[in-house]
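The data blocks that follow each hold one structure.
In the two assemblies presented below, chain A is common to both, partnered first by chain B and then by chain C.
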Partner chain A sequence: MTRAEIYQRVTGILVKSFELDPADIRPESRLFEDLDLDSIDAVDMFVELHEITGRRIDPQVARKIRTVDDIVTMVEAELAGAPSAGGAQS
Partner chain B sequence: MAAPLAGCQRRPAALIMDPVDQAAPRSVDIAILGGGLAGNLLARQLRRTLPQLSVAVFERSRETSFKVGESTVEIATNYLLRRLGLSTYLYENQLPKNGLRFFFDTPTRDAAMVDMSEIGSDRLPTFPSFQIDRARLEADLLRMNAADGVDIHLGARAHDLHLHEQDGPPEQRTASGMHEFTVTEGEQRYPVRARWVVDASGRASAIARLKDLRVPVADHGIAAVWGRFTGHADMDACGPDSWRARVRHTARTLSTNHFCYPDYWIWFIPLGRGVMSVGWVGDRAIFRDEMRKPDGFLEFLRGHRAAWDLLKDGAELVDVLAYKQLAYGTRQFFGGADRWFLTGEAAAFSDPFYSPGSDFIALENDFITDMIARDHAGESRTQIAERSAVYDEFMQFRLQATMLLYRDLYPVLGSYELLKLKWDFDIACYYNLWAAPYWHDEHLDLKLLQGQLRRKDFMLQGLANFSSLFQRLEAGFRARGLTHRANLGRYSCALDIVNFAEELAAPRPRRQVMRTTEAIFNTIRERALDLLADLGETPTPAERRLPLYDFLLASPLA
Partner chain C sequence: MILIDELVHFDEREVVCSVTIRDGAPFVADGRVPALISLEYFAQTVAAYYGYLSRNTHQFTMGMLLGTRELELHTDFFRVGDALTVTGNELWNGGQLAQFRCELLRGPELLALASISVLHAGAPV
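So, the complex of A and B:
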C-alpha cells in the first residue's frame, strides 16, 4: 500500500466512523483540536487501524499522534514491519 | 421437527420404556444430557420459548445431590427472574442474597470477626441475587419441568454418543441424519435419536471428550474443598450492637461471606433451613490431601479464628467434597450448524470467587435457545453457522476476561486495601461492561456483539493492564510488610463505586458505556497511584488522568 493509498484509507475511516466532511480533512489536521475527536473516538480509530495493519498499536507511537499525517506515518511503518517507535512526529 | 413421540405433539409425555433390550429408537427434538442446574434451566427455557418442540432430559443420578455453586450474581439472577419466570419461586423457596462480603485477618489469623476490616453492603443491593440450595432447586426444577411436559429420565445413563455432522467424514454422519446415543436406565437399554443435543453433564462432558474440546488451564492452579454444616453460630447475633448497626442491621448471614487471606479464601454461604455451606479455595501449593477428609478440613478451619468461632460450638460437618483443579476451558462451546451445544461446566469453569458459574449458564442457555429457535424457524445452515461462531467467540472472550480477574491475583486477597481497590474495579466493570448489556439482551444482537468483539483485544489488554498494576502493588506491599496494615477496624460499603446504577435501567449507547469505562479506569488508577506514592514509587506516565485509549494499549498504567 502506498502512502497515498494509506492516506485514502485513513481519511475513509475518519469520514465513515466520525461523520466528518472529507473537505475538512487535511494531512496537517489535528485530530483533537481541528477534527474534534476525543479519547473514545481514538479507541475506535485504533480498532480500525489494527484491522488494516494486523499489528498491535505501539503505545509510544500512539501517544505522539497529533495529526492525520501522523496516523499515515504510523500505518506505513507498521505495514513495512519496521520498528515504529518514534515513527510519528508531531 | 423430529418425529414427535406418540401422543405428545403439544405436551410431550414421558418416553414409554420398552421391556426388551433391543428397543426401537425413540426420537426427541432436543435431548439434554444432564439434569443438573444448567440442563434443567435450559429445559425450562426451551419449554417457555419453543413449546412446539419436545425436550428430554437424561440424568445419570437418581437423586439430586449437594453441589457447590450456591451463590447467584446479577446476570444469572436476571436470567432466572426475567427469562425463566422464577421470581415467586425464588423468593418463596430460596434466600435473597445480601451481596458479596469480605473480611480480612492478621498474619496469625487470630482476629475476631467483629474486629476485621470489612467490605460489604449496608443495604440489600438494588439488583437482586440469591443464595441457592442447589440440591433443592434442581429437585424443584425437575418437578416443574416434568409438570411442564419435559420428558425427564432419572437414573438414565446416556452413552455411545454419535453426533451427526453434516459436513464431516462419513463416519461422523448417521444414517438417520440425527444425533444418536444409547440410554441405559435400570435394566433397560434403548437407542435415542435427537435433532439437537445439549451437553449439560458437567465436568464429565460426553461431547467434550468425544470431540476433544477440553483445554487445561495450567496457569491458574486453584483447588477447592467444601462441605455443609448444621448447628453453626448465627453471624448476625455476633458482636456488639455497633457492629450490627454499621450495616444497618441487614443480614450479613445472607451475603456470600469471604474470609480473605493471601493466596486463599474461605466462604460461608447460607443454604437455608439451618444449613451453611463452607468452603476453601486457594492456590494448589497450599492444598493438602488431608483437607479432603472431614478431620483435615476441620483442622484447617480451626486455624482461622473468625471462621472457627462460627463453628466451634456444636456445628456438625455433614459432608466434604473437593476439586484439586478448578479451572478449564473449551476449544468450542457451540456447534450451531451441526446442532450440538455445551452449557455450564460441560464447557468451562474459571474460579468461584465472584460466583460466575451461573452467569455463564445464563449466556450459554440464551445462545443455545436462540440458535435452536432460528434453526427451527428455517434460518439457513450458513446463517446459523455464522451466528454460532460469533456466540462462541463471545463466550471465549467472556471466559478470557473472567480469567483475568483471578489469574496471578490470589496474593491480592490478603489485603483489605488492595482487595478494596480490585473489588471496586471488578464490580464497576461487571455492571458496566457485562451485566447491563445482558439485562437489555444486547448479547443476542449479532451486530452489537460483533462490534464488541472487534474491540475485544483492546478491552482484554486494558483488563490485563489493571491486573499487572494490582500485581505490582501487591508485590510492593508484601516487600514492605504492609499487606495487613489496614486489615482491622475498617469498613467500606461494597457498591459505593457503582454510582451509575441509575443509568443501567435502559440500554445505553456504546459511547456512554465507554465514557463510564474511562471514568472507572481513571478512578481506580488514581487510587492506585496514591498507594504507589505510599510505597515511595513514582508512576510513569505521571499524569493523574489518562485518555481511554491509553488504558487499552500494551503499556504499564504506572
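So, the complex of A and C:
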C-alpha cells in the first residue's frame, strides 16, 4: 500500500467514524485541536486502524500521535513490519 | 449493584460471564428486563475482566463506562428465567482507555452486541 493509499484509508476512517467533512482533513490537521476528536474518539480510531494494519497499535506509539500525517506514518511503519519509532515524521 | 452471576471464562483477551434473570432483581418489572440493560451487563463483564486480572495484586480500582458505539439490540426484553451469556473481547488497550467488543447470548441466539469504551484507572496494562 502506498503512502497515498494509506492516507486515503485513514481519512476514510476519520470521515466515517467521526462524521468529519473530508475537506477539513489535511495531513497536518491536529486530531484534537483541529478535528475536535477527544480521547474516547482516539480509542475508536485505534481500533479501526487495526483493520488496516492487522496488528494492534502499540499504546506507547499511539500516545505520540498528534496529526493525520502521524497516523499515516505509523500505519506505514506497521505495514513495513518495523516497530514505529513514533508518530512524528521529520 | 452487581447484576452478573458468575465469571465462567477468562483469558488475556476475552472474558465470559453468565447472568440468569431472576424475579426481584434490579430492573426486572413485570417479569422482564429492558434489553437496553445489556449495556450494564457488558460494563460489569468488562469490570469482572479487570477484577480478575488484578486478582493477585488485590489492588482493585475504579473503572467507568465511557460510551458505546454500534449498540445492537435484537430483542426488546429479557425474561425472568433467561440464562444469558455475556462475552467481552478486548479490541484495544491504551493503558487506561480500552475498547471491548461485547455480545449477549441466550443459548446460541445473539440478542445484543456493542463496542464499549471504558476507563480503567490504575489497572495493569
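We take it that the second predicted complex is superposed on the first by the 85 of 90 C-alpha atoms of A that agree within 3 Å, B and C clash if a C-alpha of one lies under 4 Å from a C-alpha of the other, contacts with A are read in each partner's own complex, and residues count from 1 in each chain.
Operating definition for what follows: contacts are C-beta pairs under 8 Å (C-beta built on N, C-alpha and C of every residue); 3 or more make two chains touch, one makes a residue touch a chain.
A quick note: this is a predicted structure, and the numbers were derived from the prediction, not measured.
Undergrad: Will chain C clash with chain B on chain A after the two structures are superposed, or do they fit?
TA: In the arrangement built by aligning on chain A, the partners chain C and chain B clash.
Undergrad: Pick one for A:I40: touches chain B only (first), chain C only (second), both, or neither.
TA: both
Undergrad: Does the superposition put A:H50 against chain B (first), chain C (second), both, or neither?
TA: Both partners.
Undergrad: Looking at the overlay, what does A:R3 touch: chain B (first), chain C (second), both, or neither?
TA: A:R3: touches no partner chain.
Undergrad: Quick one: is A:K16 in contact with chain B, with chain C, with both, or with neither? Answer first, second, both or neither.
TA: After superposition on chain A, A:K16 lies in contact with neither partner.
Undergrad: I'd like to know which partner A:A62 touches here: chain B for first, chain C for second, both or neither.
TA: It touches chain B and chain C both.
Undergrad: Looking at the overlay, what does A:R26 touch: chain B (first), chain C (second), both, or neither?
TA: A:R26 sits against neither chain B nor chain C.
Undergrad: Kindly point out the stretch of chain B, out of 77-85, 113-121, 167-175 or 257-265, that overlaps with chain C after superposition on chain A.
TA: 77-85
Undergrad: Considering only the contact definition stated at the top, list the common interface residues of chain A for chain B and chain C.
TA: Comparing the two interfaces on chain A, one with chain B and one with chain C, the shared residues are 39-40, 42-43, 46-47, 50, 56-57, 59, 62-63.
Undergrad: Looking at the complex, which residues from chain B come into contact with chain A?
TA: Going by the criterion above, the answer is residues 454-455, 457-458, 511, 514-515, 518, 547-550, 552-555.
Undergrad: Quick one: in the complex, what on chain A touches chain B?
TA: Listed in rising order, the residues of chain A that touch chain B are 38-40, 42-43, 46-47, 50-51, 56-60, 62-63.
Undergrad: For chain C, which residues count as touching chain A in their complex?
TA: Of all residues in chain C, those touching chain A are 66-67, 69, 91-95, 97-99, 115, 117, 125.
Undergrad: List the residues on chain A that touch chain C in their complex, please.
TA: Residue list for chain A touching chain C: 39-40, 42-44, 46-47, 50, 56-57, 59, 62-63.
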